[in-house]
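The structures considered in this document are given below.
The following pair of complexes shares a single chain, chain A, combined with chain B in the former and chain C in the latter.
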Partner chain A sequence: MTLRNLGLSAAVLLISAWVALPLVLIAIAAFTPRELLYQWPRPFWPESFTLETMRFFLRSTGVWQSTLNSVMVAVLTIALAFAIAAPAGYAIARFRFRGRDSVQLAILMVKMFPATVLSIPLAVAFIRWRLYDTLLGVAIVHTALSIPFVIVIVTSVFLGISYELEEAAMTLGSSRAQAFARIALPMALPGLAASAIFTFVLSWNEVFAATILTLNNRTLPALIIDSVLGAGAPLHFRFAGGFFMIVPALIIIFLIRRYLLTLWGVTVR
Partner chain B sequence: MAEIHLTRLRKTYGKIEAIKDLSLDIRDGEFLVLLGPSGCGKTTTLRAIAGLEMLDRGRILIGGRDVTLLPPGRRGIAMVFQSYAVFPHMRVYDNIVFGLRMRHVPEADQRRRAQEAADLLQIGHLFDRYPAQLSGGQRQRVAVARAIVMRPDVLLMDEPLSNLDALLRLHMRAELKRLHRELRATTVYVTHDQVEALSLGDRIAVMREGEIVQCASPGEIYDRPASRFVGGFIGSPPMNFLTGTVAHRNGAAHVDVGGASIPLPSGAAVAGEVTIGIRPEHIAVEFTPSAEAVPASVSVLEPIGSYQLLTAQVGADVIKVSVPPEFEADPGRRIWLRFDPRRVRLMDPQTGAAVAAS
Partner chain C sequence: MAVAEADLAVGPARPRVSWTPYVLILPTVAFLAVFFIYPMVQAVWLGVSDPQTGALTWQHFRRMSGDLYFRGAIRYTLTITLLAVPLQVALGLAIALLVNLRFRGHTMFLYLTALPIGISDLAAGLIWLSIFTERGYLNSALLRVGVVRDPVLFLTIERPDWLVGAVVITEIWRATAIVMVILLAGLQLIPKDYQETASVFGAGRAQTLRHVILPLLRPSLQTALIIRTILAFQLFGTVVVLAGRQIPVLAGEAYFWYSLYRSPNVASAYALLILVSSATVTWLYLRLLRIREEEARV
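Moving on to the complex of A and B:
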């Protein structure tokens, strides 16, 4: 093995450890018996495992309700984000229109302001519009956060599908809409599904807006943060909650990893 | 009847004029080739006929019907794209009958017409395959089948052979010619390959910078190019160009070039400086001096198979001559080039436009 390969392998190992180690530690802790968790010094690998911690977490008040809330917010977010971002992405991929570059730039502007700065005005506005402490309110904020991603991904998906295919369909007697529905859409479907799932993960993981904008209708991350910061939940509850949050995201990212790579690859081009 | 009339078409992209002011009449059943270098507007013209490009101005009539504002699907055209544009998520059969389905042709008729088209192109055995499982040549046949199954009045083809390898291109060129003879659909064919244009076209419209510079039969285009551009673009190697002077002596017109004086059989309508165009195969090489032959020296001799290509130096100019395979001459040897007087083309040295022999 050459020095270059060695360096590369070391870098890969380091970055992987950087990402994976906290996840592994959380997973181990989530299945460690309560008393072992408070032991000092604590061994890396516990002597025994238990499902008791997870069971305790899942039986806690509000966990199932907020999980359901999280799912509903995520689904609403996907619907809203796609209603707005998918046509925008298609337009950017297909048409040269006045202000196209400005639109592409403006898409990134949402990312310009830290959510912290927006939170107070947003909370005030939502109270006024009676959106405060509603799932729709959280979904709207999540939509705003995910729109840039969805537009970029949808754009790259449609850039990957030659417009000539749609034109060919049009010369064969279909209208613009038919050409889209019969040619571009079926070909884009896997990529669109991948970006929908990605949006789901974004919303599922988002904690800040969800905490600021809800009181009783907590999403899962908001509930966990709240019980940790507000109620001082015990250590094993935190680890169990963390593990419960990570698993869906991990599984989903694993399933669509190939798509995410190609999607970003196309965008860079 | 599906003759095409293009009247004063104009198309711009921002400041770029893709088509300047183009008028062209294409006869029913004709195979017309749009030929030109890249960026000359030939593809834009084809796409305008297809309805894929909105024009700034002008009218398009197909079979006497004004289609200028009709969508592509209602113009009675079918198109073969350069990239083939075969739908990758459909089987070959579904690709071929796609247009028939859009037109709600009964299922049984779809089957029969798809089979007919597939027989013509010998792709019947590929019906159940996906395009990803086909070779480039097969995909191209599917694209052609998908177009002809529509029984279009007008068949449009955008460089359909450019993505095939050389041998397959030669084969498909002959196939397309046969297909046209059998179907007799008015065909407009875009290419930048002059050999393709010469071999396929009933007529060739040579385009340059958004304008048609000459539209005539292949023989006419080859023998009597309307300008220096056409002569230089068509033929491999292209026409040779030299500077000469037309003079009238003893009641006969001569053109003086490189120390020789070539009599012009039909006379000349001009006098003074001209550009002389002569094709490589219309020059004979002699080893003895003569007043009517241009002195030159051999620089390179390249065997090409059926003939040899001789590169000769005439003053500061380089001349290409095709010579028989048995021809022999060492580099540096003095030779005399006798131009066939009937094949000499005279052109205006400024504009490059051909000057009619009187």
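Moving on to the complex of A and C:
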């Protein structure tokens, strides 16, 4: 029994280290003085940490603007994805209707679809529609990517809230809309917030579509791709950029940890 | 709110049988029609039509397959997929089974191992660049242990195998989390009684895993395999950061043809190639895994 526990602990520690170590290392690299990053032999733990590397990254041309762009795109994506997909999630949770199963299958297919490659034909259409190189254009593609996730989480949230509560409110004289707004919606808020947050991460992280669909109005990942491919950005810029990109994502994943299984758990049956 | 108001017209008396759900799913269907179906049609059109005359032509596919990077892109995309996906599934399954043992601290372990879900391919590439680069952490560690005296060049075109290895390691580190979460969700659907019954009838842990848990987990395994393989075909950020174009991949080539050579047509040909490969792989997985199920029943 103890031997088994020992093996279990060893496996857990080993896997934890495998996941955590690179995160720790990039954090150290982002706060290591620039000269030390190029020194050999290079110390693991710098004697003094510095904000200079991060400051250099944040002051580089375009970084601040593209960060703002990324946030704008993410906010637009959340708004669009909710306006479009939340009603569908509610419908799947609350109604039994013909075609419900096919809708769910379609959602799964969209989730598995290699959607980012569609940004190439979309770029051509966007030039015609005057959406090319706009934040709205990028947000539209990100919306297409996040719709399946918003639907599954909204569905699971409303499945978790008994419809009888809404019915009870209606027997007590409130309208259907009031019952929804006063009873179901407040109970659903945490789950809805979680899916909004997840949508933010999805948009914040997306590289390919953003790179294809913008030229001057780069999002942060697109800007970093540019600086790596085109401009040959120095290493300290890359490390600081990597760290800067993962911080919001890590915080956010921690916030929505309860919903992770819902977001990914639906399978082909 | 518009949602509930729309429903008022039908009246609260029979909310379950009405056209309301169709109104509610209409925005999603309409949006996906415009931004999935339309670009797909457009991709086919761009791939097979002449940009000037609009006549049907194979020239874009011929340019694609005649390109210096084409064979490499196919070979490297397949190699990286074949190496990374099985390892992601194996490690993801191991982590999911560990979490499902519900040892003390298993929730902390779950959140930690799920963290890479929030990390993009680009950021993961940058993280592992800090490890694999010439004066990076790996070389520092090797020096510390006394294996090397001078830094080893891991990321160089002279050693394409090492470049592939670096990409595969990064992909395993980043994407195992998604596999793990899918499999864990599947594991939690399996009633505990099944395992108890198996052990009552004298099945060991390994036997229970092989004959009870894994067969029941097949739908989740299938989903994980499909999602990971399709995402591997779209591999972009990790490779760009770690190897540039020294390791060409399909999505990368689509990007270069679009941005560098300004040919949306050839880029669309690449996009179509990725689409068709993804569809084929999905079909293969669904078929292969189903056939095995029938065998199991016999």
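Some points to look at:
Everything below uses one rule, namely that the second predicted complex is superposed on the first by the 239 of 269 C-alpha atoms of A that agree within 3 Å, B and C clash if a C-alpha of one lies under 4 Å from a C-alpha of the other, contacts with A are read in each partner's own complex, and residues count from 1 in each chain.
In the analysis below, contacts are C-beta pairs under 8 Å (C-beta built on N, C-alpha and C of every residue); 3 or more make two chains touch, one makes a residue touch a chain.
Here the structure is a predicted model, which is why all the values come from computation and not from measurement.
Shared-chain residue A:175: touches chain B and chain C both.
When both complexes are overlaid on chain A, the residue A:31 reaches neither chain B nor chain C.
In the superposition on chain A, A:149 contacts neither chain B nor chain C. Within the superposed three-chain model, A:162 lies in touch with chain B and out of touch with chain C [touch as defined at top]. Of the two partner chains, chain C is the only one touched by A:84; chain B is not.
In the superposed model, A:187 lies in contact with chain B only, and not with chain C. Applying the stated contact rule after C-alpha superposition, one finds that A:123 touches chain C and leaves chain B untouched.
More residues of chain A lie in touch with C than with the remaining chain of the pair chain B and chain C. Residues 170, 175-176 of chain A lie at the contact with chain B in one complex and at the contact with chain C in the other. Residues 8, 11-12, 15-16, 18-20, 22-23, 25-26, 29, 37-44, 83-88, 90-92, 94-97, 100, 103, 106, 108, 110-125, 140-141, 143-144, 147, 151, 170, 175-177, 180-181, 201, 204-208, 211-212, 221, 224-225, 228-229, 235, 238-239, 241-242, 245-246, 249-250, 252-254, 257, 260-269 of chain A touch chain C in their complex. Across the complex, chain A is touched by residues 1, 3-5, 7-8, 12, 15-16, 18, 20-25, 27-28, 31-32, 35-36, 38-40, 42-43, 45-46, 91, 94-95, 98, 101, 103, 105, 109-123, 125-131, 133, 135-137, 139-141, 143-144, 150-151, 173, 177-178, 181-182, 184-186, 188, 219-220, 222-223, 226-227, 230-231, 233-234, 236-237, 240-241, 244, 251, 254-255, 258-259, 264, 267-268, 270-271, 274-275, 278, 282, 286 of chain C. On the chain B side of its complex with chain A, the touching residues are 50-52, 71-74, 77-79, 81, 83, 85, 87-89, 98-99, 102-103, 146, 150, 156. For chain A in complex with chain B, the touching residues are 162, 164-165, 167-176, 178, 183, 186-187.
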